[in-house]
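So, here come the structures, one by one.
Both complexes shown next keep chain A, but they swap its partner, so chain B is in the first and chain C is in the second.
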Partner chain A sequence: MIDFFSQPTNLWFVVIAFLTLIASLGVVAGEKVMHLALNLGGSFAGVAALFVLLQSPFLAIAQVLIYVGAILVMILFGLMLTGAHATEPTGVETGKKVTVATAVIVLTALTIWGVYGSAGRWPVVPSGLDTSLTALGQALYGHWGVAFEAASTLLLAALVGAIVVSRREDDEA
Partner chain B sequence: MPAVYWHSWLVVVLFLVLGVALAFGLLGLGSLFRPHQPSAAKKTPYESGAIDIVEAKEVRFNVRYYLFALMFVLFDVETVFLFPWAVAFNRLHLFGLIEAFIFLAMLGVGLAYAWKKKVLRWQ
Partner chain C sequence: MLLNLTGLLTAPFTWLNLLWMFVEVLVMLVIILIYVMAALYGERKILGHIQLRPGPNRTGPGGVLQPVADVIKLLFKEDVIPAEADVAVFKIAPVIAFVPSFMTFAVAPWAPNVLFTDLNVGVLYFTAVTGITTIGIVSGGWSSGSKYPLLGGMRGAAQLISYELPLVMSILGVVLMAGTANMAGIVEAQQKWWFFFPQILGFVAFFISVSAEMNRTPFDLPEGESEIVAGYHTEYSGFRMALWMLGEYTYIFADGLLCATLFFGGWHGPWLPGWLWLLIKAMIFVFLAIWTRGTLPRMRSDTLMVFAWKFLLPLAMANLIITALVKAAIAGWF
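Then we have the complex of A and B:
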């Protein structure tokens, strides 16, 4: 235990993971929808900090740009659209709470069992692998070029789908 | 990882601390000097001096904001994908350039579709 905390990185991990967990708990345990969304932002930011600790600055920046910068804003807009109930208590029934709690416990147990049960069977990333952004760019546009172009098709489908779904009423009118 | 990595992130932490300290520090400093005499009229949210029709929490945003946010998410992801390309540009040569332009063209089709569907127009 002393060994674990002698590493400053581990100490930072405990602090950031704790703050992230607090924010995540705020998302599920809070009462007002707008507060839940803001807690979600804190949780996203905490995950970005964890990526920094994992020495993946690109993932950290992508996390901030996409999750905090875009998806959270989209969620906030969505809450403002529905308006009236944004600041009112969510009021979930006890039956649903019990169902969700059971599902969470079962899934957590399955995850822990899956991780510990398969220890040693998952491939381990070789140490000394070049994880720089240049190497990532070369891999993404070289070896994984086809998958990368497929991702652009996915983005296109998402864009067209969003427009089709949200503009339907206007077309019929 | 070299110490340089952690030192460069220390600057980011410093920025965060300074940013928060600036906001709270200025407000705290202001509260020391400004007079505090609240009245009902001072507490109303206002726009152009007009009396508000609904409570601030009941205001509903136009659905168009949501469409813009949705499109922003997609083009944001596109930007993030282009970042590694820009960094590795010197080693990717012509093939990488063509790939990036195919990627951009795909999203360009999406943009053209949004344009044609008048999603970008504010009515």
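Then we have the complex of A and C:
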């Protein structure tokens, strides 16, 4: 254990992981909708910090840019438009809480068992991948070009679908 | 003059080096606080002269002690928290808004090898981090528990999201020309000429959208004192109000650094040391921001969105396409 903390990086990992978990706990345990959203932001930022520790600055920045800068802001904006003062408790029945808690505990146990059970069977080595922007761009638009375009088309279809659904409700009203 | 910061970055990550990093960040914070005092005084003086009045001239010679008086007044004021406020969010919101503005300084390239972190995606880092401020503005407006701040917060969110797109699009033109998203790399690519000249279209889109991101006149709709009192920070007072102001002025400085780095050759310049050139260029940007505030009226909220989506975004995209075509054509010739 002493060895583990002699590396500042490992200490940072423990601190950041702890904060991320607290924020994530806030997302599921809080009562005000706004607080849940802000805790979600903290959780996203914590994951981004973990990416930095893993020496993947691009992933960290993408995480902040997309999840904090776009998705969370959209969630907050939606909350503002639909009654941000929703302060009532989320009101989940006890039965559901028990089911969810059981599922979480079982899944966590399985994950821990999987991680420790497989320890040593697969060697842990740096991937050696080129993480520069140039390499990433060439991979996205070259080798994975078709998959990239397919994903874009899917997103476009989803956008158009959202507009169609919301407009139809407008006409009926 | 400045420490060789990259030497520290490549050094092993020990506790002593960590301490040094904290010291450096502290020094940067002090520099920014001094700048904010100067900017407060400069803004009041320049606005005064634009409006044919002397500006502050009673406190100290030429009124130079005015910002000191302002700050002391802010710090000694009662910190009012409205009864309807959501206390926890109300307290944290100005911090969420200010911290990203300070984080942007991590990638500012002051001179070769004088920068806090040499990130190969520095420009993206800048835009990603500034996006967090939106959350501070929205939650500050919401948590005040009153109507005008809520309106201001919503205006802020809509405006910042809309103008972030043309901003990033216009920056991409520069990134494409330099062939790197590294801030220092972009400056090095401007050895021969500033990107301002070939990227003039991109600069127009950049300058307008960066002004909108700063929430200042003519884009101060989230505050709009004649419409919604003071927008998202109506209910704030004392030290928390000072934090909002600090964030706003720090952003002008940070955006000035970004502008100088992307379009005006960063540290390049004759005679003077590099960091001074960057500072001079950034301060010219700060002056421009104050000048536009004193000259232009506020935009109407209905024209604001149309302008971003139907003029700025197409302009930035056209610039990007032209840059890509020209770059491909040149690559084809040689």
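The working rule: the second predicted complex is superposed on the first by the 151 of 173 C-alpha atoms of A that agree within 3 Å, B and C clash if a C-alpha of one lies under 4 Å from a C-alpha of the other, contacts with A are read in each partner's own complex, and residues count from 1 in each chain.
One rule holds for everything that comes next: a contact is a pair of C-beta atoms (placed from the backbone, for glycine too) under 8 Å apart; a residue touches a chain by one contact, two chains touch by 3 or more.
The structure presented is a predicted model; accordingly, all values stated were derived computationally and were not measured.
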item: Partner chain in contact with A:V68 - chain B first, chain C second, else both or neither; value: second
item: Contacts of A:F148 with chain B and chain C, given as first, second, both or neither; value: first
item: Touched partner set for A:V15, first chain B, second chain C, both or neither; value: neither
item: Chain B versus chain C as contact partner of A:L156, first or second or both or neither; value: first
item: Greater residue coverage of chain A in the superposed arrangement, chain B or chain C; value: B
item: Contacts of A:F77 with chain B and chain C, given as first, second, both or neither; value: both
item: Partner chain in contact with A:R167 - chain B first, chain C second, else both or neither; value: first
item: Which of chain B and chain C A:Q55 touches, first, second, both or neither; value: first
item: Touched partner set for A:L140, first chain B, second chain C, both or neither; value: first
item: Those residues of chain A which chain B touches in one complex and chain C touches in the other; value: 57-58, 61-62, 65, 69-70, 73, 77, 80-81, 84, 133
item: Touch list for chain A against partner chain C, complex; value: 8-9, 32, 34-35, 38, 41, 45, 57-58, 61-62, 64-65, 68-70, 72-73, 76-77, 79-81, 84, 132-133
item: Residues of chain C that touch chain A when the two form their complex; value: 13-15, 18, 86, 88-89, 92, 119-121, 124-125, 127-129, 131-132, 134-135, 138-139, 142-143, 150, 153-154, 157-158, 160-161, 164, 180-181
item: Chain B-touching residues of chain A, taken from the complex the two chains share; value: 52, 55, 57-58, 61-62, 65-66, 69-71, 73-74, 77-78, 80-84, 86-87, 133-138, 140-142, 145, 148-149, 151-153, 155-156, 158-160, 162-163, 166-167
item: Chain A-facing residues of chain B, complex; value: 1, 5, 9, 57-61, 63, 65-67, 69-74, 76-81, 83-89, 91-92, 95-96, 99-100, 102-103, 106-107, 109-110, 113-114, 117, 119
